[in-house]
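Before anything else, here is the set of structures, which you'll find just below.
In what comes next, chain A is part of two complexes: it sits with chain B in the first one and with chain C in the second one.
Presenting the complex of A and B:
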């Protein structure tokens, strides 16, 4: 009798309606995805918006200062590169041409296209950017295909993927948040010019998990036409020497429930691709570290760069230049940020941050110089779509170059779609 | 009437004492009473009327000569019903119990609520989670469940799962590769850690709300666990159709959550026999192209790491 009673009491209730849903495999993921962002900024730089000191008559002018110091946006574009008529040799960033005037500008209008066929383990990705700039000759708006690649992961049981096309750098970590909507802060570091450039070629990524110690080891390697220097410092896409440049990063990550530690070493070696002689070499070495603990985040990276001297006929993203000077540099940055826990309302994140960085560089025939920079600011995420950032850049001339007023206040309003 | 048959069979069972009509009639009457109270309690339980269920089963427990096995089976359910009904004291003594009333007043018959969800943009209406909460009465707490949720071919299967508050989910990796399921949702922040193929990790969800499921290794993996605090819920199929069974007629607030919508759609509805509901969910939620890792840092899925 007890069995009968239990059957009556415990029999499944008639509430047997569906409680789960999975879309048919063939229908996902859905075809083409389009995302992107618009980044509008407001900035004001001291002086004339450059780092060229009045009265400094050294030639080339860009060998004796850091022209990247007055960055105003996530691309590293500066307030001005106006050298006052003095000769420069193409060691320059792109310019917003706002000089020392406080100005609103449109930094980037970005469109990302992603296509994932449902039948093959393939991903097609393109990132197109519209860059409105107002140069001396009027409207200098550019459209660049920053990335365009196909990635295939042939083995479902392995974290192994191959990419072909134009893709992000594999050197260091700063390229991971090189876009305005991804960066915690606004401006790139003083060493980003060496490590975050996109290039065209082949890339392989492999990672193996070590669950017993909550860890993973990864290798990211690329063979490309150019290196990882930003596009103003190396010609975009094409190979001038006919030989590829190799770059790689070996990484270790520890993924504990509340603590993340990621460390890596990077290297790059190959011909210097801003000239035509394949025997003229360049190499980079780097190390990086990221630690996240309860909202507190530390990112740090160091790099050492060497470029051989070469013959004339230098050419880079800014066009034909003259001197292929030997160049050595080393630098590092550390960024500390804290993500404040906020409610579910419009305010999604509030992240104050502080960055310190230092860079030492020397061009052949010039004295070495050292600069440093403090960056302090905050990022606010509103809803899922809007990001507001503001920061101050305090540029310092430590040694080897004249003091100049080149501090910057800049801000960024990013709308994601 | 299976209970009547049971009672008759029990009454007709061979006994050591000589059978006498009066004794047999008393036995039949008692067994009928047991069956009636047992059934009335169960019906009330199913309807979420735990006070009535408790009253019926408590009355049952007071019947003299109740078989010990019946008492053992019924007592925990009666206690549970009393607890859910919100009256902590559970009468244990048979002396202070009034005689049970066998006659049941006619109760509203629970109905099945059907309907469709439309909208949802390119994802379609499938996976919409429809819940009903009474506005003219009390909404009982649902029974917690234990459900599996698989990581299979770098997807969460099912993609959307609705479970009652307090349920436990067995996250099982059916791939050959490692996964690390986590969520940063306010309804449940958890981290299963790395688990290899075949491994299973169980997580209990005590707070109602939507839990976005992600994998710390595979940025493209996305799933949803919807933890509900009502027994009346359903998940729409690919065409948007849904059915919620055994809903007592009355006034309700219906809520419809969908992964493509920024806000839950809410509406007052009347549940009656043959009720058909229709909802439209907007596709106004932006798909996050950079899902966070378990520390909240955005990731770029196109990089694959």
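Presenting the complex of A and C:
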């Protein structure tokens, strides 16, 4: 095991993989470091950019279809959430509001501030994001503090760290690729809405290495306001319900010279933070697997979600809603990618990828529906600073919901600093 | 509606106020309101015809649903199979087919407010092919928006409350004849259901999101000795808009499109009347009702009407109407001498804003009488 107080500094990449994203450590032992990226996209969606079928008059409009399907960027923002005047009840992502028109847009301008004191085992981190948007009422630009936490590793002999503040999820593995410069592909999976949300609270990470069998076991656990659902579904910044949500992942790593295997199980339990009654609960169970072998990478994850019904005081990142509906869902994805060996010139990486995913969901009062999606695309890294990605999303309606033209082509140009 | 009927069986306050079980006395058609006792028809439970006032006029409504803590109610789709549209008579119903409610009462998204969609069904289609919203959506048949409609799903044996042997329901005070409303069959979530249809254009929605527009309903009250409001046992006043924003009564051809979703408030008179004593009008021809009221609120609030008032042919239209100053009942130019609490404007204009207490509950049910019309 790596020893010493500066484990955070000496092994940043390993820790980053298991304990959310942190930018590379400064070359100097202390001081302020500024990093960031910009994500410029271009996308075109079929139809009107939503998943609302023209002949579907049921309401709430967002309960009978998957409004998250037409994602166009790494934040999961969709081309449109315009329901055409039909009542919705807060099961929506954020929207780029491009509708069915092809458009270029700036998804994210990200600035990360990191400070690592030289004399204490601390890492102080903040991430501010500028999200230029245009909506029906004009300029809809937001500035958000996506992360702001202090992390301490109190024991030099243990790979143990505690964080307080607003930080990444601990559930599953997809949150590791929340940021556009880290994500192999562009758009989040259909289950990312349940597992990748940032939240505010306390977190502990512990990992023990077992060198004799090339293995490590880790536990990442958190108690937070909003759990791991994305902010539109479960507000992370305050506790509406007055009780925390617990979440954790138990992971196993096998790090052989030629193959790397990582597997984990995750769970979450607590009150729903989109309402005020602490007896209205939610739970999530998940499992994940990553295998890397000679440039070939397989990532897979599955999750099951249950939310109790509550009263009529629903409120989330989209504002006040109405009924707190019982909700169940399950889904899974698998992504296969291959990193082609290239020269040390401008072209550093070329990664074609393919993802298949499936999601089944049911809201109270609505029949269950199943959707699936194929995603095919590529990522090109030029030097260390530039990334170009393009992908197509082929959204399918398997059962229980009307057919709709909602396939998406999207692309992303990312520069990082 | 079924919940209120069950409530009537277990004698909950809301249930008993909204439903008269079969064979039971009809409250407003029995002592002390009317001499004697009239019973609800023995074969059906009755939706209580609740006397009220709206926009200065006698009115009445039924209550089919009560929403506690629901901030908004919205119109759900109601699919009506048709074979086409006649340029003169409009939609042509698909023979032997039933309407399909987009939401069943078991869902908390159920409401009795419906946005009609006519489903144009090809010839040769099984009349029972469409039995749920899902099947309508999956069919891909063309949909044409139609009128808004108020219809409440419930048991088969229910009607607008009607006395045994009476051919039709009546307004309890004016005795105007009301429309009988009997349940008809329809589909909801693949199941056959019964629904009482109160007709088209009985409410309005916000076009942007189909949320039903509410009106304020005022329950006049006095402050009790404990400082808590005590509701007067008088007809409530149905407003024409939300609290603080009254509008002109929306009633084309006498058919009210307001009042089907009522946000309930206490309007506490104690704070408002100042030096005046509010009065409740009850004709001397209803001595038992006068006596009951006097025992509840004191004689000062139930002045003896003048002879001129008693000679008015339309005096029953004022039964249990509340005036700002009850002394007006004794004047010869009654009813013009009175400032009545019978409109939203009058109540909001004559009472301080502190007089209004939000009961945080909504009640649903169409007006079944307004300004001499029984829609």
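Going forward, the second predicted complex is superposed on the first by the 387 of 417 C-alpha atoms of A that agree within 3 Å, B and C clash if a C-alpha of one lies under 4 Å from a C-alpha of the other, contacts with A are read in each partner's own complex, and residues count from 1 in each chain.
We adopt the following convention: a contact is a pair of C-beta atoms (placed from the backbone, for glycine too) under 8 Å apart; a residue touches a chain by one contact, two chains touch by 3 or more.
Computed from a prediction, not measured in an experiment: that's the story for all the values here.
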| item | value |
| --- | --- |
| Touching partner for A:322 - first (chain B), second (chain C), both, neither | second |
| Touching partner for A:306 - first (chain B), second (chain C), both, neither | neither |
| Chain B versus chain C as contact partner of A:133, first or second or both or neither | neither |
| Touching partner for A:402 - first (chain B), second (chain C), both, neither | second |
| Of chain B and chain C, the chain that contacts the larger number of chain A residues | B |
| Which superposed partner A:168 touches (first chain B, second chain C, both, neither) | first |
| Partner chain(s) touched by A:60 [first = chain B, second = chain C, both, neither] | second |
| Chain B versus chain C as contact partner of A:260, first or second or both or neither | first |
| Partner chain in contact with A:114 - chain B first, chain C second, else both or neither | first |
| Overlap of chain C and chain B interfaces on chain A (superposed complexes) | none |
| Of chain C, residues touching chain A in the complex | 69-72, 74, 76-77, 102-104, 106-110, 115, 117, 133-134, 137-138, 140, 142-143, 207-211 |
| Contact set on chain A toward chain B in their complex | 1-2, 4-6, 8-9, 13-25, 28-30, 33, 35, 112, 114, 123, 125, 151, 153, 156-159, 161, 168, 176-177, 181-182, 205, 207, 209, 211, 214, 216, 218, 220, 255, 257, 260, 292, 295, 297, 339, 344, 349, 384-385, 416-417 |
| List of chain A residues in touch with chain C within their complex | 53, 55-60, 64, 85-88, 309, 311-313, 320, 322-323, 325, 364-365, 367, 400, 402 |
| Residue ranges of chain B touching chain A (in the complex, touch as defined) | 6, 10, 38-39, 42, 46, 67, 69-70, 72-74, 77, 110, 122-124, 126-127, 147, 153-155, 157-163, 175-178, 180, 186, 191, 193-196, 216-217, 220, 231-238, 242-246, 285-290, 293-298, 300-305 |
